[in-house]
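Structure in structure tokens, see below.
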Amino acid sequence: MSDVTDWWQTAIIDMEPGRIDIRGHPIEDLIGTVSFPQMIWLMLRGTLPSDGEAALLDAALTAAVDHGPQAPSIATARMAVTCGASLNQAMASAVNLLDDIHGGAGEQAVELYHRIDTSGDLPTTLTDWRTEHGKYIPGFGHRFHKPVDPRAPRLMALVAGAEAEGTVSGRFRRIGEAVAAHLTGTVGKPVPMNIDGATAVIYAELGFPPPLARGLFCLSRSVGILAHAWEQTEQGGRNKGPTPPAYLWRYTGSSSTKT
Amino acid sequence: MSDVTDWWQTAIIDMEPGRIDIRGHPIEDLIGTVSFPQMIWLMLRGTLPSDGEAALLDAALTAAVDHGPQAPSIATARMAVTCGASLNQAMASAVNLLDDIHGGAGEQAVELYHRIDTSGDLPTTLTDWRTEHGKYIPGFGHRFHKPVDPRAPRLMALVAGAEAEGTVSGRFRRIGEAVAAHLTGTVGKPVPMNIDGATAVIYAELGFPPPLARGLFCLSRSVGILAHAWEQTEQGGRNKGPTPPAYLWRYTGSSSTKT
Amino acid sequence: MSDVTDWWQTAIIDMEPGRIDIRGHPIEDLIGTVSFPQMIWLMLRGTLPSDGEAALLDAALTAAVDHGPQAPSIATARMAVTCGASLNQAMASAVNLLDDIHGGAGEQAVELYHRIDTSGDLPTTLTDWRTEHGKYIPGFGHRFHKPVDPRAPRLMALVAGAEAEGTVSGRFRRIGEAVAAHLTGTVGKPVPMNIDGATAVIYAELGFPPPLARGLFCLSRSVGILAHAWEQTEQGGRNKGPTPPAYLWRYTGSSSTKT
Amino acid sequence: MSDVTDWWQTAIIDMEPGRIDIRGHPIEDLIGTVSFPQMIWLMLRGTLPSDGEAALLDAALTAAVDHGPQAPSIATARMAVTCGASLNQAMASAVNLLDDIHGGAGEQAVELYHRIDTSGDLPTTLTDWRTEHGKYIPGFGHRFHKPVDPRAPRLMALVAGAEAEGTVSGRFRRIGEAVAAHLTGTVGKPVPMNIDGATAVIYAELGFPPPLARGLFCLSRSVGILAHAWEQTEQGGRNKGPTPPAYLWRYTGSSSTKT
């Protein structure tokens, strides 16, 4: 029967009746001992972080929990509960929208930082990136927060503090800040780091591979999704649409054949 | 235009260019200052918890992150990435399965505890519950972990410690333990509290309404879902089905009309 | 190994290399021979419908494909593709919203018709329904289409035609029309049958159990979801929110602590 | 307010109280007059198909409804209902898995056919495709159905018939068959067209752009997903995992630190 037991394989969790080990640690040794961010690290990486590393991860997770009901994911969660969806169901529909454009900028920024780090040639790497992906440089500039996204400088200050304590090298902070300076210089107006660029610095400094930057963002934003779904549940509403019912939509098609 | 601006209303987040306030707190005052579990509390409740309250919430979130690839949600996440799904997409499909039966036991247990607390009559309340919902009492007994789910006693010890410090009253811990004792006595074999019964004690002690017990479980289990989705991504596989391909399924229908 | 092969059991499909049987019919005998609605019936019911039955099912599926971008499901699908979601992913998030309130009225109406049929007492059954479920009677009245939802009378005319041909008994059409007459009389203004009440008549006449009325609605509305997701893909847009960016939302919480 | 009404724009549907037009046709003129596949075409394309075109679309939709519980999507739907998910919710989680690898082969095959049609150089186009996407040529060969997927030859016979009637040109059928012949020749064993390659021929012949091949597959497979979710609902089960509980999984991680 070993082929059946072998079908699913994992190094994350081991169990027998009365025993649960997470990455080799009995679960009862972890509960109340490690923090939730430490547990997240352990689950994803296999080992426990230092206190300094855990503090940076904690800050990044805390920073990205919400950006309001204008975000497609949050709007979806709020509409979902007015359709009768359970909270987990509302969360599912919403997290599904945290895709390449809505939830992928952090992942892309980590990848970009790695490329710049490898090439050592920032301008060429940015040019190549735009050739491949279009004009947007992930993690920089913000269509709403001008002059600056208030989350980014606070996160960068924490990274600088962690460098001073030897927790991280600062290599990716310097790359991130160089990207902002380069873009600001070439575009001719401020293009500062935003929340995605800043959390990407932290995830890159901490050694998370790019896809996990998206995964961690999803864990963080799930908090906002849940909070808004719950608030909407308490507000009530039935089949709540995106805009007030008086507006509906602009019809752009052909005339009716009705006579 | 006020009717349009009024269409979505929230007390969670306020924004203008360059400013983000969460529950009245500038986001930059929270990042690196409050922990991720404190931020979760603030988002869901509107105020910040005490350190003792935050510690209990942290323990409950840490305890429930994973129960292995045999769980339908984790299996779905792992299959999803072999179908080409992105990590947020895999998380969405999986969290969607944390519904009444797979993710609702904590919510139901909080509701049950509240009913027992209100009625003051444990046996009658359990009998009424079973009349309404069937034989399963949410939060007690475990089909795999015998004699005991190792997460529950550890969580109860933390609650007892919090009582000693005056953080919580212990009212719901006593109710939970009375339910276990009653079930053990009437069933005639041990029916101890499980992870859902134990986290429900914590969520009830901390004042979370029942539906948020499900929501918090989803935040916690999302960690395991992400970790398994990522591990499967690294393992590879294409269109991985539930069982090894040699087994397929038992066909129970009519004979083929093929001649 | 039989326990593994037995783990999943189905009477729907049987396979071996080079052979696929659906409900006992070789797939190659069905393709191009039965219509898509007939295949839907075969998959769900196990036998093929008569031509008259298939025509009614076809009409019900055709009637409910779309009700515009104001519907939460359609809005979600359109937002999803602007977040980078693939078409199947956009469909998933949207179908998830077709829950009790947004997609469950047809299911509820079939159940209501069955109860009236069983009790023989329409007024008491409606009163009991409202006691259990609240004031809304599923399938009757419409907040937008006044005086009448144009889909309902057309569907009822098809049912009447099918009765004349002996395809269906008309028992549930008479119940549906009696509900509309009763509500109109007691409410004091027209409360006609809507799309959900009318498709429920058809599904009840055809013998589908209530939950499949929801399932069939999902198959039908998936067409509109796909069409809108695709149209939005061609329109473009990035992270498109529910309302124009100028409106955001009304903040109803406490003042900022920022000084 | 025109900016609000303009926020969502569609050429698919127009409404006012009592009137619903689909692509310019009053809905009551379509119900019972056009078939469900014709309605699908109208929604996606804006015009009604000829009878011959509708018949080919119908055949492609009918052919792909199911491939059994071994498919990750079907397994997910069946597990979902044992977790308490509603039918629409089970469909959502499952359709989400019809992504690039599980549901994208038809889309990819249409794209490949277009490239071959444009280049006129089949071998080079296949070589380029493999350089970009890896060794799998979408739509050809089958890991289970040997020697041949029984759906493909039946669909190709229908295309040939439609050519004889002048409904389609046969250009993409010839390309598809040339790909199969080329692969069989170069691989040295039969690599026949499979269901995805065959439906892709039909969708390409009918003028659907590649992404809609995936969308149409989702409409088709949603039927199987619904049928299996409903069958599992009737079978019952609680938290049903992928394999029988006796097997769990292979743990591949480090030893427990428990002493």
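Order as written gives the chain letters A, B, C and D; numbering starts at 1 within each chain.
One rule holds for everything that comes next: contacts are C-beta pairs under 8 Å (C-beta built on N, C-alpha and C of every residue); 3 or more make two chains touch, one makes a residue touch a chain.
Computed from a predicted structure; not experimentally measured.
**Q** Just grab the chain with the largest centre-to-centre distance to chain D, centres being mean Cα coordinates.
**A** Most distant chain from chain D: B.
**Q** Could you state the distance in Å from the CA-based centre of chain A to that of chain D?
**A** A distance of 31 Å separates the two centres.
**Q** What's the distance between the Cα centroids of chain B and chain D, rounded to whole Å?
**A** About 35 Å separates the centre of chain B from that of chain D.
**Q** Where in chain A do residues touch two or more of the other chains?
**A** 1, 4, 7-13, 15, 19, 26, 68-70, 75, 85, 89, 92-94, 96-100, 103-104, 144, 242-244, 246-249
**Q** Classify the inter-chain contact topology: is it line, ring, star, complete, or other?
**A** complete
**Q** Chain C touches which residues of chain B in the complex?
**A** 1, 4-15, 19, 21, 23-26, 29, 46, 85, 89, 92-93, 96, 242-244, 246-258
**Q** Please give the residue numbers of chain B that touch chain D in the complex, ascending.
**A** 1, 4, 68-73, 75-76, 79-80, 82-85, 89, 92-94, 96-104, 143-144, 238-243, 245, 248-249
**Q** Mind pulling up the chain A residues that touch chain B in the complex?
**A** Touch list, chain A to chain B: 3-4, 7-13, 15, 17-20, 22, 26-28, 30-32, 34-37, 39-40, 43-44, 55, 58-59, 61-63, 65-70, 75, 78, 86-89, 91-100, 103-104, 144-151, 153-155, 157-158, 211-212, 214-215, 218-220, 222-224, 226-231, 233, 235, 243-244, 246-247.
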